């Protein structure tokens, strides 16, 4: 029910997003939107030694998509790309504490993960990924 | 304003879905009628009856089932011709939906008539279905698209419109009769008159008008009119394109195949009589027949009454939310100039979040860009919430909607 | 030949129309299945259930009805992808019918790929739906149509086919998998292989094959496959176009409008992901969902069994009429090479007259050119009579058909 | 029932059509077909003093369409155009003795009348019809 969804923490991230903005020296920037509802997310990544040195996002959309993006940036800041690439849909839903979203709203929650995955693909498009790293080009999350 | 005189509680009994429970025990309050309406029992029965008793392919067969099916299919064409006051059934073409109807005009009429540097004039309120076909066309032809603007209340400036039309090289004017976001009813009769003075044909996107008020093609004198069955009690999968006979006579075919031909030889074909020339392949027989039942249902009520009832409910809804803190209602405030569509935003509650909260209360409203992103850009919003009404909606349902809205404001502390 | 193992009497109970009486007291014998098939109760129920319980516009809404409808609609896409063994649901596009599916290829793929003096290769057996779109295209482009001939038994000469394909400038091969008049099953796998050696894509008109036998798009390796729901227990108003993903990626859109876009701006649009890019406007939601129930029904029986049963009944029918005085049966006599379609003429009884007489006995057969006038010219007849079978037809029904044929011969003194 | 339709006289006209063939000195020749079933009729007219001096037809199709055409030629041979133009669908159905045809087969019976009407329109297209004569351009019979 909506009381569970629109908890204090979600509204807080929606209204006071963390790591929101541009990144002037980004190594990769990527944009996508949800064609069904129009939510938009841009993610900018600064990478150093295969770690996420810095991350910022821009976007507009519903509380779920924007809070989820904000929480995602906190979650992966400083993490290695190898860890990040394996993030699953379940990881995200757990991170934001919403595990019972219906099929329509789940797309909102996962949009930032989708953009992140597209960003990884773009980042490695002209480099070889580290030998141990297997990058899937499947960005279908729902 | 006249008092609405629909017997809504009787009408509601014809719509089984209105008894549906949502989220356990909440009775469905369906307020997304601009997207698609619910269907009364006679429409559902018409489909079942067809498949249980006389399903068969039409037009070409001699046996009895096929004769019955052909007759019923063509009866719907007659009903529609009458409903919009067309001169003849020849002018009524069945398509899949309003979108395909507009595309038919674009592929057939416009592809043979619009040339490089010529113009198609739209407005900022158009639905994507009345934008994208013209983008595809004008890009292909090197022609131009122009958009007449609206003011902040959602009205057209008719003087500005005139300027657009009177410029050189305008080949087609295409305009929505009623905005699916703002509800604005466009002054199509005036627009058509202006355009005809320059011999420019006019396409009316009637997807939101034909279901909700009397529309008379001879009175407004449009050249093309497109609408969808599913937005007026009919089944999904049926649209209508009305084309004035003189124009239709000159139009090349669109979808080629069975049923639209008279004689096929290896390298050439004589096409069939109107309107069959434009209906290639096996039609959506069952749903066209059921659409006839929907027209009967609306006729029984009377389109004047439909319009009155919607004005009444819309007025009630606008008045009830008008003074809420942080609310913005889009479109004209006078219900005489608008249909039963109320788009709004409230505080920083995103429409999707609002729709989710509403759904917890059994209330179905739409949120998003409503296939009108050009208008969203004009309004400078990403999305709106929209409640839209039809013959079965009541003021009690509006109250339930407002209670849910209060709940959303509580959750978001607005 | 294997013995057919369908439990036909059980199957018949699922088809309410088979109890229909014609001309007072004659039980309907429906032998026009190549035109359209009857529908079993689960398919009819799927439509009613949708309208009674969760009718709503799909893809864009947040509320529960819309989520349910979207889910069910997309489930059918999955079922179809599996049914024809496509790689992915992205390759499955819903259209109104097989005709529109072929037109989609013509308007989108062919318009961007076929140029002046290039060729589209057909055969003499094609249905008008696989002829007229190519006439329109080639006339517009100044391109050429070529027809590979058939022999007097209704077979293709594969060596001749090869010659056509190996000539210069062939841009597309389009061929019916099974003739709706002769029943001939075409060697599509061989044809596709030949064409692919010259990198020519192949469209298979599967309107008569997909309903009647297992068809595996990866096995035959076709680039496009078109078919109609209504010819395989599904409702009218739904067709399918399968397109190989690599090709689909490059295709421009066809019908522009709502649902097929990602972002619309005044002068340009980003289109939606596959396959939605090709599905403009509100889809035929109810009927697509019901088509899913039809696929389930066929899967439960098994397409191998469907094919076996039809071979059995067809064999019985051909043997029974084979030696009648003055009869001509068109098409292959070996049921291994043909589907359950028996076209014939007898004496100077015109097919329409025969169909009228048959109808007096409750028997529905088709008469005419069957949307295959090029083939009629090849056969040098104006029309034929056609009986065509499906899973619910029995040998007793064939007997009734033959009795009526005797009656017609008596009336015409043949 | 079909016993009533396929009477001796219909079969006789079908198998031994009267006035079948071309007319070398025709004043007007007209062709049409029934798009739904493919039946074809050509009618050739020789007119003198606003009377049908001679008429011939060609065609192929079912017993009903061909017998009806044959019987029509007999019916109007020598008649004034003024009479012929007023022929109704009922006149034809009575002439061939088939009044209970269903909607599909009635088109077969009336095809020759439709062609005749088209022929009259064509004949008068470049002449003025006699003053008393009102010619309708409506050829919809069914």
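Labels A, B, C and D are assigned to the chains in the order they are written; within every chain, residues are numbered from 1.
FYI, a residue touches a chain if its C-beta (ideal position, glycine included) is under 8 Å from a C-beta of that chain, and two chains touch if they have at least 3 such contacts.
Remember, it's a predicted structure, so these values are computed and weren't measured experimentally.
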> Can you name the chains that touch chain C as well as chain D?
Replying inline: B
> A-B or B-D: which has the larger count of contacting C-beta pairs?
Replying inline: A-B
> From the C-alpha centre of chain A to that of chain D, how far is it in Å?
Replying inline: 77
>> I'd like the Å distance between the centres of chain A and chain B, where a centre is the mean of that chain's Cα atoms.
In response: 38
>> From the mean C-alpha coordinate of chain B to that of chain C, what's the distance rounded to whole Å?
In response: 31
> Where the CA atoms of chain B average out and where those of chain D average out, how many Å apart are those spots?
Replying inline: 45
>> Counting only residues that touch at least two other chains, what does the list for chain B look like?
In response: 23, 60-62, 64, 66, 261, 263, 352, 356, 367-368, 373
> So which bits of chain A are touching at least two other chains?
Replying inline: 36-38, 105
>> So in the complex, the part of chain C that touches chain D is made up of which residues?
In response: 23, 348-353, 356-357, 360, 367-369, 373, 376, 382-383, 407-408, 411-413
> Any idea which chain D residues touch chain B in the complex?
Replying inline: 33, 35-38, 102-105
> What residues of chain D sit close enough to touch chain C in their complex?
Replying inline: 1-3, 5-6, 11, 14-15, 36-40, 60-64, 105, 108
> What part of chain C is in contact with chain A in the complex they form?
Replying inline: 59-62, 64, 66-67, 70-71, 261-263, 272-273, 276
> In the complex formed with chain C, which residues of chain B make contact?
Replying inline: 16-17, 20, 22-23, 28, 30, 32, 35-36, 38-39, 43-44, 47-48, 51-57, 60-66, 96-100, 102-103, 106-107, 127-133, 135-136, 145, 147, 228, 230, 235-239, 252-261, 263-269, 280-287, 352, 355-356, 358-359, 363-368, 371, 373-374, 377
